[in-house]
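Each in structure tokens, the structures are laid out below.
Shared between the two complexes below is chain A, which pairs with chain B and chain C, respectively.
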Partner chain A sequence: MTYETRRRLRLVLLYTTLVTVTVVICFPLAWALVTSVKPNDEMLRLPPTFLPERLTADHYRALLTGRAMYFEAATGYRPKTAPPQHFLAWFFNSVVVSVGTTVISVGVSTLAAYSLTRFSFPGQRFFSYFSLMGYMVPSVIFVFPLFLLMARLGLTDRLPSLVLGYISITLPFCLWLMWAFFRGIPLEVEEAGLIDGASRLQVFWQIVLPLALPGIIATSIFSFVVSWNDYLIARIFMNSISQLPLTVGVMHFFEGVHVDWGLMMASAVLMTLPLSILFMLVQRHLIVGFGAGAVKG
Partner chain B sequence: MEIRLQGVEKVFGRGARTVRAVRALDLVIPSGEFVTLVGPSGCGKTTTLRMIAGLERPTAGRIFFGDRDVTDWEPRDRNVAMVFQNYALYPHMNVFRNLAYGLRVRRTAPEVIDRQVQDTARVLEIGSYLDRKPRELSGGQRQRVALGRAIVRNPAVFLMDEPLSNLDAKLRLTTRAELKRLHLELRTTTVYVTHDQLEAMTMSDRVAVMHDGVLQQYDGPAVLYERPVNTFVAGFIGSPPMNFLPATVERSQTGMALQVAGVTVALPDPLRRALDQRAERRQVVLGVRPEHLRFQSPQVAGVLPARVFVVEPVGAETYVDLLVNGHRVVARVDADTAVSVDDKVGLVVDLRRIHLFDGETGQAIR
Partner chain C sequence: MSAPYGRHGHAGSGGAVALTVFVPPPRRWRLSDRQVGVLFMVPFILVAAAFILWPVLEAVRLAFYSKSPFRPTMTYVGLDNFRYLFGDPVFWAALRQAVVWTLSSTILQSILGVGLALLLHQAIRGINVFRGLLLFPYMVPTVVIALIWRWMFNPEFGIINATLLRFGVIEKNIYWFSEPTWAMASVILLNVWKFTPFVVICVLARLQMIPVDLYDAARVDGASAWQRFRDITLPQLKAVLSVVVVFRTIWTFNKFEEIYLLTRGGPGTSTFNLAVYGFEQATANLKLGVAAATGVVMLALLFTGSALYLRLIGRQEE
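Moving on, here comes the complex of A and B:
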């Protein structure tokens, strides 16, 4: 076998693998997207159609306007809880909880990690090991103690309980991530700032934070994804249908024996959108801005 | 700006892990002078510099700028500028903003900032890459930006922590000369830290030699070279370093005589007088610089018998490593001196230029 054929074979193998992996990962998403724009009568037809014969926005309209008339028109069946009218509320809840969790865990972990790397105080070592331990314990273990705590605080079935619950999961990892980032920022750069005439706070805002930006973005994405995708904690903490986040809310489209696949798939697409947009916005920042060049090497 | 250190001490750590980095340091750095702190790593020179900068607080003692006690001042109130060994440029700012940062946080007017940055860039020839980020610069360019960031503010004091050590040998040489020239033009009080005695000797008005946190000698380069106070300074300053041979001083009919490697040599007058006031017989260390040794035939009376260990030609001259009575000695001779390995030679010591140190304390006898 010549070098050239071997090279080609390797390329073919590589691309086959890549295409397979991409298809496997993307198929469910594509299927959800396709199904979400199929009319109900086409959706479960056998053999299935991949591309819809007729496009419809009914499912999206139902979710976004909260009107379920088309249910009755299409099926003659009117569900008791009529879930679509809560979709926007669930969406809003998810956004509030995820943004709240992200802002608090990134803010707290950034400050805590900075103080862990730059100042020495009694119990420092204990504190860092202890927080790392929290990161090692599976989150399921925390759920029931947390629930009892929230109940005692009178927070169950309210959004702040979710924010607090998610923070307890995200914070140790965020802290750990930011800690690693701050350790990568050379102390001399800060000292240069101090000598240049900046106060400690100015150094933190104008020098340290911009350098830690990739870390801040990484931790933000992590906290946002964790809180946006959580099912377990929300399932246990929340009760009222209007207070649910998306993940738990859309389960109401499973109505006894009737599953409204159209609403389900449209919800899935709408749920994926914010994360996709977030990733597209920040992925550039994840790689630029690293502290290369400040220090030799 | 005159800088005065009074009884400055710095202790790191607690309990068993205590490190006394700087001990009872008294130092006066006259206004406008270029003073170098030199010594092996861990001698306390960088700690001293950082205390002058305000980045470390002394455990004891006071630091004065002029007649103001700045011991408890923040770095930003001291009006000092510092060049770090690794440059410590702000990686997220371009060169212009790196230079301007110190002016900006001091709320300098934008047009003044612009003018000062442009002036500095012209002096250092970095004007053509003002909008580049540090990572897009070579080591030498970064070094210039770091220097520019220091001079752009026109500070009262320059502090430099081994600023040349990350440059390659050739660039180090040219930058060394440029730094010296810059100091002659600006006349700003400069404290320079290095472990390289050659940098210290070539650039400084005065050199402070430190060892284990203790100041050994603080003098001009010539004095350090000619009259080192102890074996540490004598061995640290000069390249190749001073040769040391154990010797004995004994009273003879002609006065004090020195016995070294089985040979008795007469002592020059000043040393003889210094020794006369002391004990009858004592162990000393004979110090001879490599350039004060000459070759002779081994048969001549009074020469030190030696065997050539290795010959190192460096171009303009040749270093000859020799074994004298089991001790390694280096002689610095003309490039055309005909010697080869394992030759037996006689060494003649220029007696007017020898140094004697106490065998126990290492202090110079004079």
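Moving on, here comes the complex of A and C:
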């Protein structure tokens, strides 16, 4: 065998393995997508069809318009599940809460991380232990005391309580990541600015923050994803159906007698959509983020 | 505007003057470095104290009280909550299941993760597309995966049973979530699917730092692919793997949603881990004290485990 054929063979083998592995790993998501555009009768056919024979947007229409009429058209009876009328409200709640959490936790930890890398004061080691411990504490530990605290503040069942609850998960790893990023920015850049007479705040705002932007983006994405994906805290804190975030809301679809899989898979796709867009936009930054330190998950 | 600070006048007003002359801002806006340092820490300290430190301490205190979530009263009961835990066979079952769940998930993730990372480390065309696709599961919400898993593993209409039947692997439908072993297998599979990318990313980042000359030298010496992996790659990955394994073990041990959303801990209590057990004590039995005590036991186990592990690693390095 010549060198050239051996090289070709190796490439073919590599690509075959890669494609097989990718297909296996992506199959669940692809299957959700396929199911979400199948009409109800085809969805429950055995053996299942791998590609839909007829495409339908009924499930998405039901979620986005909140009208359950299509149930009767497709299956001939009105199921006892709650109509999907709250889906858009849940989506909106998830966006508001995730953005709020991200802004607060990234803002607060950016300031703190800058302070920790640029100034020395007693107790700095404590903060690195603290954020490491934050990684280790299971959420089931602090969710109940937090619930009691929110109840005392009169915040339960309101979106701000979720933001405050999520901060307790995101803050340790935001500090950890931002800390790593600021350590990577050389002090000389700032010293040049300071020598030119800029104040510490000007240096921070105009020189350091732009340099730290990739880190801030990566950290924000992680914080957004963690808040978007939470179920436990929202499940304990929230009560009324219109105030739920997507995660807890969508699980309500299981509570009826009849389970509507089309609706479920369409919600799965819509819930993953914002994350896929973010992921595609900033994949490069994310790898940077992972390089900087472990991220809770 | 007069320019009291510079001979050349205000930087913008000179027009022809190319020199930039600095105008110091009014003195009252200047904060000393020390003040800035403290000021920047204040928000973090306040938020962390209120929403991280306090809840954890409060949870430890709660472990010694009897408390219902809907009544304002709290009664001190000493060690009763812990006595309750250690006398409850479900707690011991949950602990055993937590060990099975944690160990099998972590081992599978590590092996698959290293394998995938080696595959994705190849410098071939289009590798970035594969990297993106294979890392994506890590971003997918657990709720979404649970929904998809419930659909794929549905006993009557699910694709898994249909495929297994068609290829003659099974003769009748498996009721995945009604049999303890299959339920445990399906939650472990979900966890492995979602978190293997984490291992991949960490290992991949480390692989890219191994100097290429090491491999070239080995090749010249006639080392086989397996020998190169065993003698160069593995030793280089040892440090990152030991950290990744600790983190994965801790986080898997703490996981709640991955189990609860798929099986609710069932059938019966056969997929309970300690987190699900604590959650059920708080929400179904309304015993917040017992839930908090479960949390304290979890923390104690985690700290002992990490301390032992660190000592083990330290001894190996000596």
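Heads up, the rule we're going with is that the second predicted complex is superposed on the first by the 248 of 297 C-alpha atoms of A that agree within 3 Å, B and C clash if a C-alpha of one lies under 4 Å from a C-alpha of the other, contacts with A are read in each partner's own complex, and residues count from 1 in each chain.
Basically, a contact is a pair of C-beta atoms (placed from the backbone, for glycine too) under 8 Å apart; a residue touches a chain by one contact, two chains touch by 3 or more.
The model shown is predicted, which means the values in this text are computed figures rather than measured ones.
Student: By the touch definition at the top of the document, which applies to A:229: first (chain B), second (chain C), both, or neither?
Tutor: So A:229 only meets chain C here.
Student: In this superposed model, does chain C or chain B come into contact with more residues of chain A?
Tutor: The larger set of chain A residues in touch belongs to C.
Student: Classify the contacts of A:64 with the two partner chains as first (chain B alone), second (chain C alone), both, or neither.
Tutor: Neither partner.
Student: Where does A:241 make contact in the superposed view: on chain B (first), on chain C (second), on both, or on neither?
Tutor: The answer is neither, since A:241 touches no partner chain.
Student: After lining up the shared chain so the two structures overlap, which partner does A:33 touch, if you call chain B first and chain C second: first, second, both or neither?
Tutor: A:33 sits against neither chain B nor chain C.
Student: Name the contact category of A:89: first (chain B only), second (chain C only), both, or neither.
Tutor: In the superposition, A:89 contacts neither chain B nor chain C.
Student: Answer with first, second, both or neither: which of chain B and chain C does A:211 touch in the superposed model?
Tutor: Once the two structures are laid over each other on A, A:211 reaches chain B alone.
Student: Now for A:282: first (chain B), second (chain C), both, or neither, which partner does it touch?
Tutor: neither
Student: Between chain B (first) and chain C (second), which, if any, makes contact with A:192: first, second, both or neither?
Tutor: In the superposition, A:192 contacts chain B only.
Student: What is the shared patch of chain A, the residues that chain B and chain C both contact?
Tutor: Common to the two interfaces on chain A: residues 196-197, 199, 290-291, 294-296.
Student: Which bits of chain A are touching chain C when the two form their complex?
Tutor: 11, 14-15, 17-18, 21-22, 25-26, 28-29, 31-32, 35, 43-44, 46-48, 104, 107-109, 111-112, 114-116, 118-119, 121, 130, 134-142, 144-149, 164-165, 167-168, 171-172, 175, 196-197, 199-201, 204, 225, 228-229, 231-232, 236, 246-247, 250-251, 261, 264-265, 267-268, 271-272, 275-276, 278-280, 283, 286-287, 290-291, 294-297
Student: Give every residue of chain B touching chain A within the complex, in rising order.
Tutor: For this pair, the touching residues of chain B are 53-55, 74-76, 80-82, 84-92, 101-102, 105-106, 133-137, 139, 142, 149, 153, 166.
Student: Okay, in this complex, where on chain A does chain B touch?
Tutor: The contact residues of chain A facing chain B are 186, 188-189, 191-199, 202, 206-207, 210-211, 289-296.
Student: For the complex, give me every residue of chain C touching chain A.
Tutor: 22, 24-25, 29-31, 33-34, 36-38, 40-41, 43-45, 47-48, 51-52, 54-56, 58-59, 62, 69, 116, 119, 122, 124, 130, 132-145, 147-149, 151-152, 154, 157, 159, 162, 165-166, 193, 195, 198, 201-202, 205, 243-244, 247, 250-251, 253-254, 256-257, 260-261, 275, 278-279, 282-283, 288, 291-292, 294-296, 298-299, 302-303, 306
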